[in-house]
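Working notes, beginning with the structure itself.
Naming follows writing order (A, B, C and D), and every chain is counted from residue 1.
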Amino acid sequence: MTTHRIEGLADGIFAIAMTLLVLNLALPEMGKGLAEVHSLLFGQIDKFLNYALSFVLLAAFWIRHHQQFHFIKRTDGKHLWINIFFFMFVGLIPFSTTLAGHYSRDSLAEVFFASNILMLGMLLHWNWVYATNQHRLVDRSLDPQQIALGKKSGVVTILVAASAMGLAFADPRMSFFVYPLIPILQGVVKYRHRRMTGATA
Amino acid sequence: MTTHRIEGLADGIFAIAMTLLVLNLALPEMGKGLAEVHSLLFGQIDKFLNYALSFVLLAAFWIRHHQQFHFIKRTDGKHLWINIFFFMFVGLIPFSTTLAGHYSRDSLAEVFFASNILMLGMLLHWNWVYATNQHRLVDRSLDPQQIALGKKSGVVTILVAASAMGLAFADPRMSFFVYPLIPILQGVVKYRHRRMTGATA
Amino acid sequence: MTTHRIEGLADGIFAIAMTLLVLNLALPEMGKGLAEVHSLLFGQIDKFLNYALSFVLLAAFWIRHHQQFHFIKRTDGKHLWINIFFFMFVGLIPFSTTLAGHYSRDSLAEVFFASNILMLGMLLHWNWVYATNQHRLVDRSLDPQQIALGKKSGVVTILVAASAMGLAFADPRMSFFVYPLIPILQGVVKYRHRRMTGATA
Amino acid sequence: MTTHRIEGLADGIFAIAMTLLVLNLALPEMGKGLAEVHSLLFGQIDKFLNYALSFVLLAAFWIRHHQQFHFIKRTDGKHLWINIFFFMFVGLIPFSTTLAGHYSRDSLAEVFFASNILMLGMLLHWNWVYATNQHRLVDRSLDPQQIALGKKSGVVTILVAASAMGLAFADPRMSFFVYPLIPILQGVVKYRHRRMTGATA
């Protein structure tokens, strides 16, 4: 089992989960009149925003997953199953998104969505920590600073998801605005890494 | 993150979006009698045409996306996100198609579909302009005429989608007949390019 | 645009169409009692057979598509669009299957399914004829006997699908038993080819 | 037809089947009140467990399929069709999962699910036995102990699925707890193999 195959399955599952998100949007039913188009579109602006948010979050996790596998050269049984459980929560995102989009004022629904994101963040962090611990599945020559930065990026994602979960209890609608921090902060970490690499070169 | 991975995700998302289009078609319900087959098929000829149109349009965008990546050799953070937003609007096409197929006499529904196509055209154009600007993500040796032709093809797509949007306000049913210009004009641009390449060789 | 990309999209669309077939099967609804499992399973044996039939037919077309691309080395605009229209009818199979499975005693439904299979057969035949005509997209060294056998296999598929369409008018339920001839006869053609290749080697 | 193509289709079908599992989960309907979130989530804990179980089982079969193809270097007509029938039962898993999740106290539903798993186990075992018999589709140099271990792993899976089917008759809810033995015992077999390989090296 090469890492190449894991990446192939990852691409498939991410592509499907990202495309299934759109099933979240309510479709016209047979026999409904023309006057309904307006309400069909403007009445579910919440859901369009949720589609966009979940799509962007899945893309951010897809990017980080591939960034990790750029360095991960081998796999083993435990590492494989960490990835499979990661994929399981990727596949759950269309359900969580529909739930959170439909009940956007409900704490429980938003906490469920936040838990899903948190699980993704924790499993992806575990993937990196397990693979890089004593250079288990990466090249011996991999820069420790690179490993540290990957860990920092993982911790940032976990902290943001945990904050969103906390906010969901206080004000469910607020948590929505916290998630965009995940791709933004990942970008910041990546940018700092590139500057650092430039500095050491 | 190599461009190879972006193409893998692109193939997955395009394949799924193209296949989900068929969910647009109304299926028989349990318990309906045999007499209904006729109306089930001939009553939704509009939807069959919409399925074919959206399939062809998605295929045309898929072709141009791959033509661009034939020349794009690297990626960066901004370029990655241009592509992700492009994929987001690819994933929205099954929804837009169902909406436009169901309310084919409604301006708002047709404008929504046209906006979706327009967003695809603009993001794909941006993808090319960003990548080729000062040969940012392409080979230094890439022929400027090739770059110019890619831009011309992008502008043509945007103009057709904008025209369809304008027509949708005037007569929603007319806009349907404008979209086939997209693959046709792309073919013309490609044909002229091949003649040009032949001339310079 | 290399042929490699067409094969990637083909794999995606075939995989999705084959998996969506299962949506044809009626699922339990909320609140229905335990006594219904028996009727849910045995009441739709027709649909299970249709699932298996369409799956096998799609697999047979997938195999032939890849066998053709084993020899097809280049592509051009027209060839690309032949493939895209082929994919369009692949994507339509889940709809046709549900229709034919639900109205298995109705001529129109069975004729629709047969037309879908016939379109697949004709487009795949056209794909081969276009690519091999004057060795347009294949190696100059490709054995003419190989080309002739590919054509024979294509004609056989078209004849079987046309027969199924004719039978559907006479007795809709009979047409079901004709399709398995497609993979069987393809196997016969392939077997004869291997014997022939052995003879010329 | 290279084995590479079979693996591509396998990845696609597994990715889609694994992601479609989530459609098993009941989604909120339009117009339902906020008070329903609690019952929507906690009322279907059975289904969440079924989603996780089927995901893990599909992953285990995906892993073994790829492990087999690590050694299988060629294919032939019969081998291709063994794989296609294997894929057919992969595509049926989302249906079986929904059925078993909805009627978790019903013997027939659980027997149906167990039969699906059993078919997967038998076809995958047949895939290995057929390919390795007289080194038909594998390298001549492939260690007989490796072949024997692959067979042992296949027999273990078949025995577990058959036990689950037997238990489903006695107590449908019990069978659920038997399946996790499949990935666990596969891991044991793999671990013993790795120890053995280490010993012979």
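Quick note on the criterion: a contact is a pair of C-beta atoms (placed from the backbone, for glycine too) under 8 Å apart; a residue touches a chain by one contact, two chains touch by 3 or more.
Please read all numbers here as calculations on a predicted model, not as lab measurements.
J.: Quick one: point me to the chain whose Cα centre is farthest from that of chain A.
T.: For chain A, the chain whose C-alpha mean is farthest off is C.
J.: Just send me the rotation angle from a CA overlay of chain A on chain D, rounded to the nearest 5 degrees.
T.: The superposition gives an angle of 90 degrees.
J.: Starting from the mean Cα coordinates of chain B and chain C, work out the distance between those two points in Å.
T.: 26
J.: Roughly how far is chain B from chain D, going centre to centre by Cα mean, in whole Å?
T.: One centre to the other, that is 37 Å.
J.: Counting only residues that touch at least two other chains, what does the list for chain D look like?
T.: Counting only residues that touch two or more other chains, chain D contributes 8, 12, 15-16, 20.
J.: State the interface residues of chain A toward chain D in the complex, per the touch definition above.
T.: 1, 5, 8-9, 12-13, 15-17, 20, 26, 77, 80-81, 84, 87-88, 91-92, 94-95, 98-99, 102-103, 105-106, 108-109, 112
J.: So in the complex, the part of chain C that touches chain D is made up of which residues?
T.: 7-8, 11-12, 14-16, 18-22, 25, 27-28, 30, 34, 37-38, 40-41, 51-52, 55-56, 59, 62-63, 66-67, 70, 183, 187, 190-191
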